[in-house]
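Got some structures for you, see below.
Next come two complexes built around chain A: one with chain B, the other with chain C.
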Partner chain A sequence: MRWLRNIGTGTLSAYTALFFAFIYLPIALIVIYSFNADPVNMMRWSGFTFDWYKQIFGLRNVTSENALYIESTEQLLKAVRNSLTVAAFTTTIATVLGTATALALYRFNFLGKKFYRVLLFAPMLMPDIVLGIALLIFFISVGFSLGITTIVIGQCSFLTSYVFIVVSARLAGMDRTLENASADLGANDWVTFRRIILPQAMPGVIGGALLAFIISMDDLVITYFISGVDTQTLPIFIFGMLRRGIKPEINAIAVMMLLFSFAVASAGLYLRSRRG
Partner chain B sequence: MQPSIVRLERVTKTFALPEGGMITALKAIDLDVRRNEFLTLLGPSGCGKTTLLHSISGFVQLDGGKVSIDGEDVTERPPHRRPVNTVFQNYALFPHMNVDKNVGYALDIAGTDGKERGRRVGAALELVGLSGLGGRLPRQLSGGQQQRVALARAIIARPKLLLLDEPLSALDRNLRQAMQIELKGLQAELGISFIFVTHDQEEALTMSDRLAVLEKGVIQQLDTPRSVYSRPANAFVASFIGASNLFEGAARSDGTDMLVVTPNGEHIRAAGSGTVANGQPVTALIRPEQFSLHNGGNGQPAAFIDADVEQIVFTGLNYQIHGRTPAGRKVVAIIAAVHQREVAEIDAAKKARLTYDPAGVQLIGASGGEP
Partner chain C sequence: MSGATQRQRRYAQLGILLGPVSLFLAIFFLCPLAIMMIYSVLTPGLYGGAEWAFYPDNFGRILGFANPEFEVFDPVYLSIFLRSLRIALTTVAITLVVCYPAAFQVSRLPDRWKTFALFLITLPFFASLIVRLFVWVLILKKTGFANMVLQSLGIISEPADLIYTEGAIILGMVYIFIPFMFLPVYASVEKLDWSLVRASQDLGANGFQTFWRVIFPLTLPGVIGGSIIVFIPALGNFIVPAVLGGAKVMMLGNLIEQQFLSARNWPFGAALAMLVMAAVLFILFFYIRLEGRRGDDAPALR
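Up next, the complex of A and B:
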């Protein structure tokens, strides 16, 4: 029955290869196409070029009638700046709020704690569309003018939950007797928090912040509802471009975003590993 | 006279059970811990021994009673302001700090200056035999080494007494025995009281100056290991400390000796007479090592029990003989390994005549305590 087992193993290997190809092939193709010189048909390879990268950085202006639908490099850079601004604020606020909430729920018992926990999970389960509409209606009814501020507030409303969950998971694995040991050795509650609880929660906090940052940079649906007409984040900008046809510069932008995400994630993982 | 280092007066603690109802962990406990003594709290799990320890370190809020340390009432004081330190069961080393930071933690919080700190951390590490390992993280140490770090960390602030919460339970047998001797030596060297919690009776007998046997939130007996072993206050203590053969019955005097007559009609002979009134309920205790297989030379043996042998276990030092009396009661006898010929005989016969000296039989009154 050896041959039967061999066939089984072979099939499994093939399936695994197919699975990973399905996930990574499209991404690989985007990277390849971003260097494809053909301005009209991406599927036809007509030489290697950095043109699209030069184009998005404003280093080169191609004025062929077929190509280059980027309205202007300035607009692109402005969208990137908006995205980074939003992500920076959102990450900071969501991390502080989420961590504080997780610590409070870890440390204290109070009436309605379980209910509170469920409420914190709910935004993760809520459909983006619903959350987007709800936020939009809310902002308009209280008279907020849509822009960076509303995007930050809106994203915080669900990213706080993400941070909370990541930090809570970290805290759940912590040994409560360490707090007793710290108190036993003369530390009051604040010193115990600063020297024992927080350093140990840190990998969770960093992980939560990272997740919040990446989701914030990436969010389209909710942000789309609450960004208003004048403010574009990068995903909204790209979405706008797509509606006028898939153009080669998009590949270059996608590759840049991919590299950026990798860089952020690697930095975060590095920080986590150093803190054990 | 100096006050005792720890005095507990009517200390009471009740916990609510998660499934409803209450459990009394400590029932109005009075306890005096002497200076420089090694006191062990011994009992099965759930007997209240850890709660008792926590009432001294401050980790439980008492429902009633008073705790004094070195003559000072500390009942309302939080743990970080009590002059005691604890070695925790799982060591509770701070995983993100190296050995040096762990050991120096109490000094860092007290703000001890760098030179003094370095000297004392060095001395503490040397005392527990870990010099040179200050840079390691706890997870890079073996169980025994972690145990020593926990010890060094707990003694560095020079506490008035050290509490140890089953600190040896995670170690393997050989290491545990070595640590028992080391702990005893350390206690003598430091000249402070140790309160040691364990459920291991052998550990308690080996190490303690005195031991307190706890059950159901009450101290059943507080005495030296020898006294607790040879004169258990009640049937619980007798069965918890060392293996025991207990025979409950009614007392009867035959003129020279006391007889304990069990409901099944077995007779256990105890030397001396007149200590228990005729007909009183009483329990006779015979330790397994009190049995022997010979008849004590010529003539009639003083006292014996006949048993059907069910199992013989050889442990190296001795044979454990598990048997059953004709009335169906289990008896255990321990026979030294040198008697292998006699043991072989009873192994073949599956019957044993277990003789004992009536002078060694302990009588325990039904209400607890010596009759």
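Up next, the complex of A and C:
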């Protein structure tokens, strides 16, 4: 019977290998083909090149194909700038709001606590498209002009929840005795907050902020509806490229984005594992 | 210090902490949802927007009780709704079947490898969604990787239509939603009490009975949680069908987008969005009732 079980575990291991292959082979594929020299058929290998990377960093002017390339590099940079601006503002606002809410629900018992919990879960469970068009209708009916501001507001409306959840999880695991000790030793609320609660909550706050930053950089659906015609963020730029027809430099852009998000995510996960 | 002032101070602190977020979510979350609800029963305006008159035919147009004077009931909308449901449910089923055995395998790895495996599964969640979908365009398109491989192996002679099909949409969704399903399922599997499994074997249950009567029920919370977390974004998804389904295979998400960005029938689009929201609320309601009856906490949705 033992050999039967061995076959069983063997298949299971093989299966797990396949599972990881399914997740990572497509990503490997795009990395490899971002160095493919063939300008027409992106999947036909015709030599190794750094050209597409040079192009997206503006180090190489393309004269052979058409002038659109240069323009799209400029648009790409603008999209990156927009994405970073939006992410900077949303991360700040969502982190402050989410942390404050988590602290309030942790420190105080009050009527309607349950309501706040539901209210903060709701934006995460709401399908993106519903929130996106609700915000679009809202902004248009109250006469906001669509742009960076509306994107920031729209993203904050659901990113606050993510920060709230990460910070709450951190606070829930905190040692309450320290707070009591601090109060017993005569510290007032503010000092207790500054010296005891905040330092302990900090890994959660940083984790929440990183999560908000990554999701903000990546958000497509909600941003798509409330960005208006002039403002493109990076995901929307790529979405547009996919709809218009793809050009080889998109591989290089994709690889840079993957590297960026993997770096931020690894940093976040590393911080979390270290500070426990 | 008297009790009254202390209480006042607590209220002030609470106000400072909760005031801004309450205001923000009231204006930019609750208010938009309320306006959308109202929009869904307004008369479509001539050039987009809406006129202030009650008008139930937006829903009628989808569900079949439209006043024929204004709107025609077209079964195409219902069929798009059903197709979206079908695609979302298929995605849930496939991600579950894919993740379930993998979760068991990962839970049995030595600790160091386990951490690494979990890291590898979580990582794609942080990678750009549009990039991960774009990869599948490269693989599935007519001159893409899959056709190239299949042709060079001699399995097919002509490039097959892989992209712009329902299958392509499902594949893309499975790919992006795997971490969503894996983590809740894994959390349940990790908590599984193996002594119960051994007890069941000692009592003479065969492999299938042990699985069906012991292992599966014990991991059910993770299965249900993962299914809900995958189902919700899958149902109203419009990015995946837009990228991998093209104009051929339309889902609710694309239909809604169309109403807002090209057809300019906002009330109809709002009514469709209400339908998506209703489906989601319906499922969440049952989930909460189920969890409440079982009496344990909802592990997956935390």
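Note that the second predicted complex is superposed on the first by the 256 of 276 C-alpha atoms of A that agree within 3 Å, B and C clash if a C-alpha of one lies under 4 Å from a C-alpha of the other, contacts with A are read in each partner's own complex, and residues count from 1 in each chain.
The criterion applied here is as follows: a contact is a pair of C-beta atoms (placed from the backbone, for glycine too) under 8 Å apart; a residue touches a chain by one contact, two chains touch by 3 or more.
Note that this is a predicted model, so its numbers are computed, not measured.
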Fit-or-clash call for chain B and chain C when the two complexes are aligned on chain A: fit
Where the C-alpha centre of chain A sits as vertex, the angle toward chain B and chain C in the overlay (nearest 10 degrees): 90
First (chain B), second (chain C), both or neither touched by A:199: first
Which superposed partner A:144 touches (first chain B, second chain C, both, neither): neither
Touching partner for A:108 - first (chain B), second (chain C), both, neither: second
Partner chain(s) touched by A:129 [first = chain B, second = chain C, both, neither]: second
Partner chain in contact with A:175 - chain B first, chain C second, else both or neither: first
First, second, both or neither for A:57, with chain B first and chain C second: neither
Partner chain in contact with A:183 - chain B first, chain C second, else both or neither: first
Broader residue contact with chain A after superposition on the shared chain, chain B or chain C: C
Shortest CA-CA distance between chain B and chain C [superposed frame, angstrom]: 7
Contacts on chain A seen with chain B and repeated with chain C across the two complexes: none
Of chain A, residues touching chain B in the complex: 175, 177-178, 180-188, 191, 195-196, 199-200, 275-276
Touch list for chain A against partner chain C, complex: 12-13, 15-16, 19-20, 22-24, 26-27, 29-30, 33, 41-44, 96-98, 100-101, 103-104, 107-108, 110, 116, 119-123, 125-131, 133-138, 140-141, 153-154, 156-158, 160, 165, 169, 189, 214, 217-218, 220-221, 225, 235, 238-239, 242-243, 246, 250, 254, 257-258, 261-262, 264-266, 269, 273
Complex interface listing, chain C residues touching chain A: 9-10, 13-14, 16-18, 20-21, 24-25, 28-33, 35-36, 39, 49, 98, 101-102, 104-106, 115, 117, 119-124, 126-132, 134-139, 143-145, 148, 175, 178, 232-233, 235-239, 242-243, 253, 256-257, 260, 266, 269-270, 273, 276-277, 280, 284, 301-302
Complex contact set, residues of chain B against chain A: 57-59, 78-81, 84-86, 88-90, 92-96, 105-106, 109-110, 137, 153-154, 157
